[in-house]
Each structure stands twice: as structure tokens, then as C-alpha cells.
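In what comes next, chain A is part of two complexes: it sits with chain B in the first one and with chain C in the second one.
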Partner chain A sequence: MIIEISHFLSILSTGLFFLVGSFALTTNNTPYTSNLISRTYSHAFLFLSSSFLIYIWLAITDNFSVQYIANHSNSALPTFYKISSIWSAHEGSMFLWIFFLALWGFIFNIKIKNAEILKPKTMGIISLIIVGFLLFLLITSNPFITILPIAPLNGADINPVLQDPALAIHPPTLYLGYVGFVIPFACSLAFLINGDPDAKWEKLVNKWSVSAWVFLTVGITLGSWWAYYELGWGGYWFWDPVENVALMPWLAATAFLHSLSVSIKSSQLRTWTILLSITVFSLSLFGAFIVRSGIIDSVHSFANDPQRGLYLLAFIAVIIAASLSLFVSRLSLIKPSGNIKTFSKQSFISINNIFFVTLIFSVMLGVTYPLIYEYLYDQKISVGAPFYNAIFIPIVILASIFLFFSVDSKWSRSIDFRIFTKPIVLSLFFALTSTFAIYFIFKTNNIAILLTIFTGLIVIIRYLIEVWTALVYKKYLNVFSAIAHFALGLLLVSISFNSLLSTERALNIKINEFEEYKDLTIYFKDIRVRKDSNYDAIKAEFNIKDKYGNNFDLSPEKRRYFTRGQITTETAIYISPLRDIYLTIGDQLEDGSWIVNVQINFLIRWIWFSACLMAFAGIVLIFSNRKSNI
Partner chain B sequence: MKILLKLIILILPASFIWMFFLLLTEDDSIIGADYRNFALPEFNLEQLDESIFIDSSDLGDDYIINVWASWCITCRVEHPYLMSLNNKGVPIIGLNYKDEKNDALEWLSKFGNPYERIIHDYKGTLALDLGVTGAPETFLVQNGKIIAHYQGEINESIWNEVFSPIIEEKELF
Partner chain C sequence: MNPTRKKRLYRVLVVFLFSISGVSLILYSLNSNLDYFFTPTELKSVNIPSEKRIKIGGMVLEDSVKRYGPEISFIISDYENSINVVFEGIVPDLFKEGSGVVALGFIKNEIFYAEEVLAKHDENYMPPNLDLKNDN
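Coming up: the complex of A and B.
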């Protein structure tokens, strides 16, 4: 009965959201109608959230008459994983996605006053998007389907690689980021529908966009971290199609935030900003499509059904067609206020927009090219790191150099462009000497890495000087921008050192033997077979000494889970500030030795730290009262 | 110039969507189906309902092998279809996968037995050799060679798409 109540509530909310959407888009603003829209939305959200909370309750209480819960949860799981099992597969995660979508709308609804001229239309657009997704959920992927009359006793089991805290929070964080961009998207469309060029939608959505961006950044970072220690791949980024479809909205969102700051400050680049807000949300939807249509094989793809793919594609097509036609028909509405002056902050940000759009197109090409190729020639090809490196490295280096010089630029003023100001000379000097030092110490001829380190360093040092002058001379400092760009510099340096220094080797090693690799002495102590409640495992024990006198034990494992026969590798990682020693165990050879993969990953923690620092910058902006800009 | 810009903005996403539509609809391969040929692995396992050991020579020439278990929910879903296949005269060999004997027998007495013979693969050794990733899975065997394989629940439409064309082509059963 309770299942039907939950099911019914979500159907009811679909109807109410539809009512909000159609009413908001067909009536004119009056205080009375905006009140009505706001309240009806809240009620629709109440129904939807009750439905979702009941669903969580069903999962916690092991209600296996719900087919989805029976297939993805198990009575033996801890409560935490019973809840996270909801988003371990397609139907439930779609439900979570919709709930978050509605939640953003709800928070927007209670935070923004009803008198705000753009609010009713914004709520209407959000509601219609929710309706589209709810129909998708209820028609093609209903999570409420029951197994009657006999419910299985214990349920199935969730995929063992998903039984992990990082992974339990990775999808919700990422979803919050993806759907959060519905706010700027809906606001910009409301602005276009409304047709009043003086309405300041940009100011309204600033903090909302930064919040969504923070979630997206953290979500991607968590995914990267999880793949590192759980999948046993040993890197931080693989240019996997699903990583790429998360990266594209992030790039678009970052460009959007930059462009937004200009539009808020000086009403310039408004066309760019609107187009980017549409792009961000479209790319989020595109990500959902790629993951859920099964068009690409990946660790992330859900069980697939062409029906779902077609529905999602049609839905995305409608959203994109509607928003872009609206944009094109109202293009004349947006009058830019004057030309952008050379070497003003605006000019740098418009260059930045172009860089980011180039990156987005390149990633899009990398994702779609193998698909097109397979369609035309029936052969599978993969586009991997070399392609992306070839495009990303030069563009990122160029963009960072522009960023470095933009620190001195002023809003709306074409400063007489002097290259040799004191901070610039200082940064260049220190960065250049450090880069030369690195060149001589590590004896590398890799120009791409040296250049990336150099540009990373100039950005870091330039912003450190900014912070220092702000502290000493009480000069104005945009804290958000300083932290975020400092983090970017740190990210570039960490990534460069990681690819310069990290090494790996597969060793053949017997029990009770020593093996040398770089400065490591690896001693293979023992190997044991171990049984757990739902898997058996072989567990190898190693003792490792390094040249710094550290002496530690590492025990990588290989597990086979009973229920699905799935084999997983459990990595063993020794973490230190500068480098990770990363061990995985492979197969046994005929002579009795084991294949052990040893990786030394330099500065890998710093990569995630930099990404978190960027997200932290966003949090600083959200909680600062100043009307900040980027 | 402005018209051109407008057109580009509209046509670019439209062509992307059109491309994905083509990709989605044109793809005629069936996910989960696999037509690699390989020999049925050697095995010697106990039969589920009798205490005798059987190997591949006991199974006949052409048949399908269906991997199932009493703990497998999807197996229960596909079970009625297997019954109807059996009625149509398709010989089905059951591969009872990592299952307790009593549970499996009880399951069969409750829902019916569509299988000619059932191999009790308690440790999953044969399933491992077959490359089974979970239950249910179905293999089509001709003269000791596996010629088609499907992972997941089989039903009328899967049967007609994955197995029927080959069965008709090779004139099996």
C-alpha cells in the first residue's frame, strides 16, 4: 500500500508541476498569480519529496516487493548502503536526479521574493523541465514496479565496486551540480520571454550558479578519487566518455561564470552569457542522455534500453530547440552597452570564453567521433589521451598566460599596457628560474611539461603577490578569484609533475623474495586466502622500504564476489605528501611468482587538493556578502 | 551576417541531435548477445536430480543451455517462457549455478521443470569456463559448439531476434 502511495504522490506532483508550468507561461505577472505559482510549486514539491522520502524508507526497511529495491539492495547491507543503493542503477538515480531538480527550484522559490519580475516564468520553466523528466521516469523507467505476490526474502546485491563511501556520495554531488544549472537556464529563458532588456537576471543567478559549479567540481573530483583507489587504474583522469560528459558542463559552467561576471558588472557579453547558460544546461542533459541511453560502453553506463535513449533525445531536442529559437528570435533584445575596450578585464574574459568554447568543442568531437566512425565504417576506434593532450595543453598554456596578464587589467578601462610592472617581472623571474632549476634537476626535454609548469608557476606567484599586497597595502582583493586561480596554477603544476615523475612497473616476485624498483625495496612476505561473508579474496602482504627510511606494509587484495562472480582488485596505497606508492596484485605465473604492479604517483593528492581548493573558492564567494565578481 | 550566426546557432545542435537519433535507431546489434563460436568446455558434474555424473557426451547434439538458480529473480521472470519453449520441443539443458540442491529442487517443483537434464554446478566451475557473468544466461549449442550466447532474461522478442535467425539458418531442432 505504501508503495502505491509513494507512486501516486509522484504522479500527483507531475500533474501539479504541469499546472504550474502551463499557468506560469501563459499568464501575465500580477502579484496574485506570482503568489499562486510560488505556492503551487511548493505543494508540488511537497508531494514529490514525500514520495521520494517514502521511497528511501522503503529501501531502509528492505521492502523487496519493490522490484528495483529487490534487485539492487540486500537485507545484509548497512543502512547507509541501503540508501545509496537507490542511486546505484538507472531508475532510482533518475528519481534522485528529479528530486534534486525540484529541490533547487524549491530553494529558489523560497529564497527569491515573489515580487521579482522574472520569478514566475522561471518557476514555470523549471516545472516544465521537471514534468518532462517525471514523465520519462514514470513511463520508461518506473522505480515503483512491484513483484507480487511473492517478494524475495533477501534482495539481490549491489555492485561491489559501488559499495564504497566515496561512490555513495559521488553521484548525488554530481547530480546536484548538473541540475543546479537549471536555475540560470530557466532565468535566462524567463528573461528572453519577458522581453525587458533592463531586467537583471544575471545578478539574480550569480550565487546559484556558483553553488551548482561547486557541486559539479566536487562531484567530478570525488569520481576521480574513487576511480583511483577502487578501480585499480591508478590515475586521476582517463578521458573516459562519461568523464568527458561531466567535464563539458564543467567547462561550460566555468566559462559561464566568467561571462556572467562581465554581464553583471557592465552589461556586456550578455549574448555570450545567455548562450552559455543554455549550453551548460544542455550539456548536463546531454550527459544524462549519454549515460542512460547505452550509446557508449563505459563503467558508468546503466542497463540500457533504446526506448529511454529515444525519449531522452526527444526531450533534449525539444528543450534545446525551444531555448535556442527563443534566443535567436530575441537576439535583437540584447543591446550591448558599448564596445569592449582592449586590455580591459572584459576583453580578457571574452578571450577566455573563446578558449573554453574551443575546449568544449574538442571534447565533444572526441566523444562523438568514435560513434560517427563506428556508424559509418563499422569499426571501433577510441579517442584517447594523445588527442586531448594535444588540444588541451596548448590552449590551457595560452589561457593561463592571458590570465596572468589579466590580473593587472581594470574593468572597462583600457590600461596603457605595460608589460614590465614590478609584480609581472617578479613572477616571471621566479617562475623562469624555478623552471630552469627543474629542467636541470630532472633532465627533461619535454617542452609541454616545462611550459605547463612555467605557466602554472607564474599564475601561482602572481596571485601570491596580489594576496601579499592586499594584506600589506590593504589593496582590494577579489578573494574568490584569487583562490580559484591560485588553485588553477597549483593544478597545472601538480599535473605536470605527476606526468613527469610518476612511473609504474609490473614485477614478477616470489614469496620470501626481495625486489628492487627505483628507490624501493619490496619484500613479498606472504599470500593468504581469506573468506568474507560475500566474497573470497587472496591477500598479499608486502613490506616496503624507501630511501627516506620509511618502512611500511602494504596488502593488496583480489576479491571474487559470490553473487555476481565479479572480480575486483583492492589496491594498497601508501600515502605521503609528495607521492603515493600504489600496489595492485595480478595473477600467479607458472613458476610460482606473482605479477605485482607498482606505481609511484607523484603529487596526485595535490591534484585533488587543487580541485577542492577551487570548490572552496566558490564556497567563499557564496558566503561573502560582497557582490563579488570573478 | 546576423542571419548566418542565427542559422549556425540553430543548425549546429540540430545536426548533433540528428546524428544521435541516427546512432540510436540504426544500431541493430542486440546488447548482451554474442555470436563468437567456441567449443563447449569439458566438464564432469553431478546431475541435479540424480546422483550420477554427466559430461558433454550425455547431452545430445543440439540444445540450449540455460544458466539459472533459485536465488535469481530474473530467472523466475523468464521461467514461463522456458516452459513454453520446452513445449515447442526445444531441448533445454539447465545449468544450476551456485545453488543449494534442495532449494533448486523445491523451486522446480513449485514452478515446473522445463529442462531435459540439469547440471548441478555448485562451485560454478563450468559457468566460469563458459564465461558466465551471472544468471540467467543462455547458450545455443550445435554439435558441441556454442554458436550463440545471450546474457540476461530471454523472452519472445529476444528469442526471435537472437536465436531464431540462427536456428532457422542451421535448421536446428
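Coming up: the complex of A and C.
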């Protein structure tokens, strides 16, 4: 009965959201209608959230007459994982996605006053998008299907690699980021529909966009971290199609935030900002399509169901076509407000946007080209890291150099461009000396890495000087921009050192023997079999000494889970500020020795730290009181 | 043409030329970095330069896995043709004889030197282009 109530509530909310959407888009703004729209939206959200909360309750109480819960949860799981089992597969994660979509709309509905002229249409557009997704959920991937009359006793087991705290919070964070961009998207469309060129939609969505961007940044970082230690990928980024479809909205969103800052400040680049807001949201939907349709092989692709893919593709096509035709028909609305002056802050941000769009285009090409190629030539291909490196390294280096010179630029003024100001010379000097030092210490001839380190360093030092002058001479400092760009510099330096210094090696080692690798002395103490409630495991014990006098034990495992017979590798990682020692164990050889893979990963923690620092910069902006600074 | 229009035309042309050259650069780098995928049978009919990185996929032939220290050698087969593969390192958890595998690497003297051996986090995964029953 309770299942049917949850099901019914979600159907009811679909109808109500449809009412809000169609009413909001067909009526004119009056205080009465905007009040009505706001209230009806809240009720629709109440129904949807009740439906979702009941669903969580069903999962917690092991209601295995729900097929989805029976297939993805187990009575032996801790409550935390019973909840996270909801988003461990397709139907449930779609449900979560829709709930978050409606939640953003709901918070927007509460926070923004009804008098805001763009609000009713914004709520209407959000509602229609929710309806599209709810229909997708209820028609093609219904999570409420029941197994009657006899429900299984204990349920199934969720995939052991998914039983992990990072994974339990990674999808929700990422989804909050993805769907959060519905706010700027809906607002920009509302602006176009409303037809009042003086409506300041950009100002309205600024903090909302930054919030969504923060979630997206943290979500991607969590995913990278999880793949590193739980999947045993041993690195931070693999250009996996699913990583790429998360990277595209992030790049677009970052470009959008830059462009938005210009539009808020000086009403320039307005068409561009609108176009980017449409792009960000379309790319988020495209990500959902790629992951859900199973069109591309990846760890993330769930069930391979053509019907789902087709529905989503049609839905995305409708949204993009509708928003672009609206955009074109209202193009005359946005009056050009003067040319952008050379060497003004706006000019630098425009250049930055061109770089970002090039990156997005390249990633999109890398993701879709194999599909097109196979269709045309009946030949399977894949696009790997070499392509992305060939594109990203030069563009990121160029963009960072422009960023470095943009620090001195001013809004709307073309400064008399002097290359040799004191901060620039100082940063160049220190960065150049350090890069030369690195060149001599590590004896590398890799120009790409040295250049990336150099550009990372000039950005870091330039912003440190900015912070210093702000503290000492009380000069104005845009804290958000300073932290975010400092983090970018740190990210570049960490990534460069990681690829310069990190090494790995498969060793062949017997019990009670020592092996040397680089500065490590690895002693194989013992290996034993241990049993746990839902798996048995081979657990190897190593003692490792390094040249710094550290002495530590690492115990990598290989597990076999009873319910699925699935074998997983549990990595053992020794974390220190500069490097990770990362151990995995392989098979036993005929002579009784074991294969052990040793990785030394330099500065990998710094990569994630830099990403978190970027997200932190966003939080600083959200909680700052200044109205319009980016 | 009046001067403003002329100016605008130049501007459009410059933007157009830049985009074209940018796109062709990207496409060029894409084309030189593609990894082609072959089954052992398809390999017979094509000629691949030894420095070209490719992917091959098929089944790990039964009783073909041999280990020499950290090195492992096995045969990837589609039960019509097969190729010897050498790899150093730990093979994925789902790697076993008689199940599907994809390897990324180079061919040299009829031997495939794999840089990476991939297996999916899915017990029922089959490499593309193979219509074999996975019966394990």
C-alpha cells in the first residue's frame, strides 16, 4: 500500500508540475498569477519530496516487494548503504536526479520574491523540465514496480565497489551540480520570453550558478578520488567517457561564470552568456544521456536500454531546439553595448571563453567521434589520453599566460599596456628560476611539463603578490578570483610533478623476502586468508621502509564476495604530504611468489586539494555580501 | 560596399579563418591519436605499422596463460585466429582464461606488447565485434 502511495504522489506531482509549467508560460505577469505559480510549485514539490522520502523509507525498512530495492539492496547492509543503494543503479538515480532538480527550483522559489519579474516564467520552465524527466522515469524506468505476491527475503547485494562512503556521496554531489544549472538556464530563457531588455537575469542567477559549480567541482573530485583508491585505477584522471561528460559541463560552467561576470559588470557579452547558459544545461543533459543510454562502454554505464536512450535524446533535442529558436527569435532584444576595449578585463575574459569553448569542442569530439566513425566506416576506434593531452596542454598553458597578464587589467578600460610592471617581472623571475632549478634537479627534457610548471608558477606567484599588496597596501582584492586562480596554478604544478615523478612497477616477491624499488625496501611479511560476513579475502602484509626513515605496514587485499562471486582488489595506500605509496596485489605464481604492483604517486593529494580549493573559492563568493563581484 | 560593411566582412572572414584552422588542427591531432580496434581475424587482413598504438579484443584462450615473474603472456583469440600477447603488471580482477579481454598496445614481430589490459566491471562484458556466448 505504502508503495502505491509513493507511486501515486509522484504521478500527482507530475500533473501539478505540468499545470505550473503550462500556466506560467501562457499567462501574463500579475501579482496574483505569480503568487499562484509559486504556491502551486511548492505543493507539487511537497508531493514529489514526500514520494521520494517514502521511497527512502521503503529502502531503509527493507521493503523488498519493490523490485528495484530487492535488486539493489540487502537486509544485511548498514542503513547508510541502504539509502545509497537507491542511487546505485538507473531507476533510483534518475529519481534522485529529479528530486534534486525540483529541490533547486523549490529553494529558488523560497529565496526569490514573487515580485521579481522573471520568477514566474523561470518556475514554469523548471516545472516543464521536471515533467519531462518525471515522464521519462515513470514510463521507461519505473522504480515503483513491485514483485507480488512473494517478495524475496533478503534482497540482492549491491555491487561491492559501490559500498563505499565516497561513492555514497559522489553521485548526489555531482547530480546537485548538474541539475543546479537549471536555474541560470531557466532564468535566461525567462529573460528571452519576457522580452524586457532591462531585466537583470545575470545578477539574479550569479550565486545560484556559483553554487551549482561548487557542487559540480566537488562531485568530480570525489569521483576521481574514489576511482583512485576503490576501483584501483591508481591515478586521478583517465579520460573515461563518463569523466569526459562530467568535464564538459564543468568547462562550460566555468566559461559561463566568467562571461556572467562581464555581463553583470558592464552588460557586455550578454548574447554569449545566454548561449553559454543553454550550453551548460544541454551538456548536463547530454551527460545523463551518455551515462544512461549505455551507448558508450564505461564503468558507469548501467543497463543498456535503447528505449531510454531514445527518449532522453528526443527530450534533449526538444530542449535545445526550443531554447535555441527562442534565442534566435529574440536576438534583437539584446542591444550591443559598445565594443570591448583591447586589454580591458572584458577582452581577457572573451579570450578565455574562446579557449574554454575549444576545450569543450575537443572533448565533445573525443566522446562522439568513435560513435560517428563506427557508423560511417564500421570500424571500432577509441580516443585516448594522447589526443586530450595534445589539445589540453597547449591551450591550458596559453590560457594561463593570458590569465597572468589579465591580473593587471581593469574593467572597461584599456590600460596602456606595459609588460614590465614590478609584479610581472618578479613573478616571471621567480618562476623562471624555479623552473630552471627543476630542470637541473630532475633532468627532464619534457618541454610540455616544464612549460606547465612555469605557467602554473607565474599564476601562483602573481596572485600571491596580489594578496600581499592587498594586505599591506589595502589594495582592493577580489578574494574569489584570487583563490580560484591560485588553485588553478597549484593544480597545474601538482599535475606536472605527478606526471614527471610518479612511477610504478610490478614486482615478483616471496614471503619473508625483501625487494628494492627506488628508495623503498619492501618486506613481504605474511599472507593469509580471512573471512568476513559477505566475502573472503586474501590479505598480504608488507613492511616498507623509505629513505626518509619512514617505516610502515601496508596490507592490500583481494576479496571475493559471496553474493555475486565478484572479485575486487583492495588497495593499500601510505599517504604522506608529498607522495602516496600505493600497493595492489595480483596473482600467485607457480614458484610460490606473488605479483605486487607498487606505485609511487607524487603530489596526487595536491591535485584534489587544488580542486577543493577552487570549490572553496566558490563558497567564499556565495557567502560574501558584495552583490556583483566575480 | 560601404566602409562599415567592408570592415564587418573582414572581421567575419578573420573569425572564420581562425575557426577553420583551429578545427582542422584539432581534427588533425584527433586523427593521429586514434586507437583502432581489431579482432584477431580482422588483424590478418590489415597491415599495421609497429609504432601504431591499437586495441585488440577477444577471448583469453584456455591454457594459454603463462607467467614469467611479473610478466604474463597469453593468447587472445576469436576461435578462428589468434595472437600472442605479452604484458607486464597485474591483470584486472576479471581477467581469466576463457573470458573476454581488451588490450591496448603495439604489434612487433607478430607479438602484441600490451601497455594496458582492460576488463570491465561487469561479469557479462563481451568485447565488441564478437558474437560468442560467454559461458562462465
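Following the convention adopted for this analysis, the second predicted complex is superposed on the first by the 629 of 630 C-alpha atoms of A that agree within 3 Å, B and C clash if a C-alpha of one lies under 4 Å from a C-alpha of the other, contacts with A are read in each partner's own complex, and residues count from 1 in each chain.
Note that in this section a residue touches a chain if its C-beta (ideal position, glycine included) is under 8 Å from a C-beta of that chain, and two chains touch if they have at least 3 such contacts.
Quick caveat: nothing in here was measured; it's all calculated off a predicted structure.
Student: Contacts for A:Leu231 in the overlay, against chain B (first) and chain C (second): which applies, first, second, both or neither?
Tutor: second
Student: For A:Phe327, decide between first (touching chain B), second (touching chain C), both and neither.
Tutor: first
Student: So in the superposed three-chain picture, is A:Glu590 touching just chain B, just chain C, both, or none of them (first/second/both/neither)?
Tutor: second
Student: Tell me which partner A:Ser362 touches in the superposition: chain B (first), chain C (second), both or neither.
Tutor: The second partner, chain C, only.
Student: With both complexes superposed on chain A, which partner does A:Phe562 reach: first (chain B), second (chain C), both or neither?
Tutor: The first partner, chain B, only.
Student: On the A-aligned overlay, A:Ala156 touches which partner chain: chain B = first, chain C = second, or both, or neither?
Tutor: A:Ala156 contacts chain B only, not chain C.
Student: Counting only touches as set out at the top, which of chain B and chain C does A:Ser263 meet: first, second, both, neither?
Tutor: A:Ser263 contacts neither chain B nor chain C.
Student: Considering only touches as defined above, state whether A:Pro386 meets chain B (first), chain C (second), both or neither.
Tutor: After superposition on chain A, A:Pro386 lies in contact with chain C alone.
Student: Chain A residues touched by both chain B and chain C?
Tutor: 564-566
Student: Could you list, by residue number, the parts of chain A that touch chain B in their complex?
Tutor: Those residues of chain A that touch chain B are 70-71, 147, 152, 156, 275, 282, 289, 293-295, 304, 306, 309-310, 313, 316-317, 320-321, 324-325, 327-328, 331, 364, 368, 371-372, 375, 562-566.
Student: What does chain B use to touch chain A in their complex?
Tutor: Touch list, chain B to chain A: 2, 6, 9-10, 13-14, 16-17, 19-27, 31, 73, 98, 124, 127-128, 132-134.
Student: Looking at the complex, which residues from chain A come into contact with chain C?
Tutor: Those residues of chain A that touch chain C are 159, 161, 231, 297, 299, 358, 361-362, 365-366, 369, 373, 379-384, 386-387, 390-391, 504-508, 558, 564-569, 584-587, 589-590, 595, 597.
Student: Any idea which chain C residues touch chain A in the complex?
Tutor: 22-23, 26-27, 29-30, 33-37, 53, 55, 67, 69-70, 88-91, 93-94, 104, 120-121, 123, 125, 128-129
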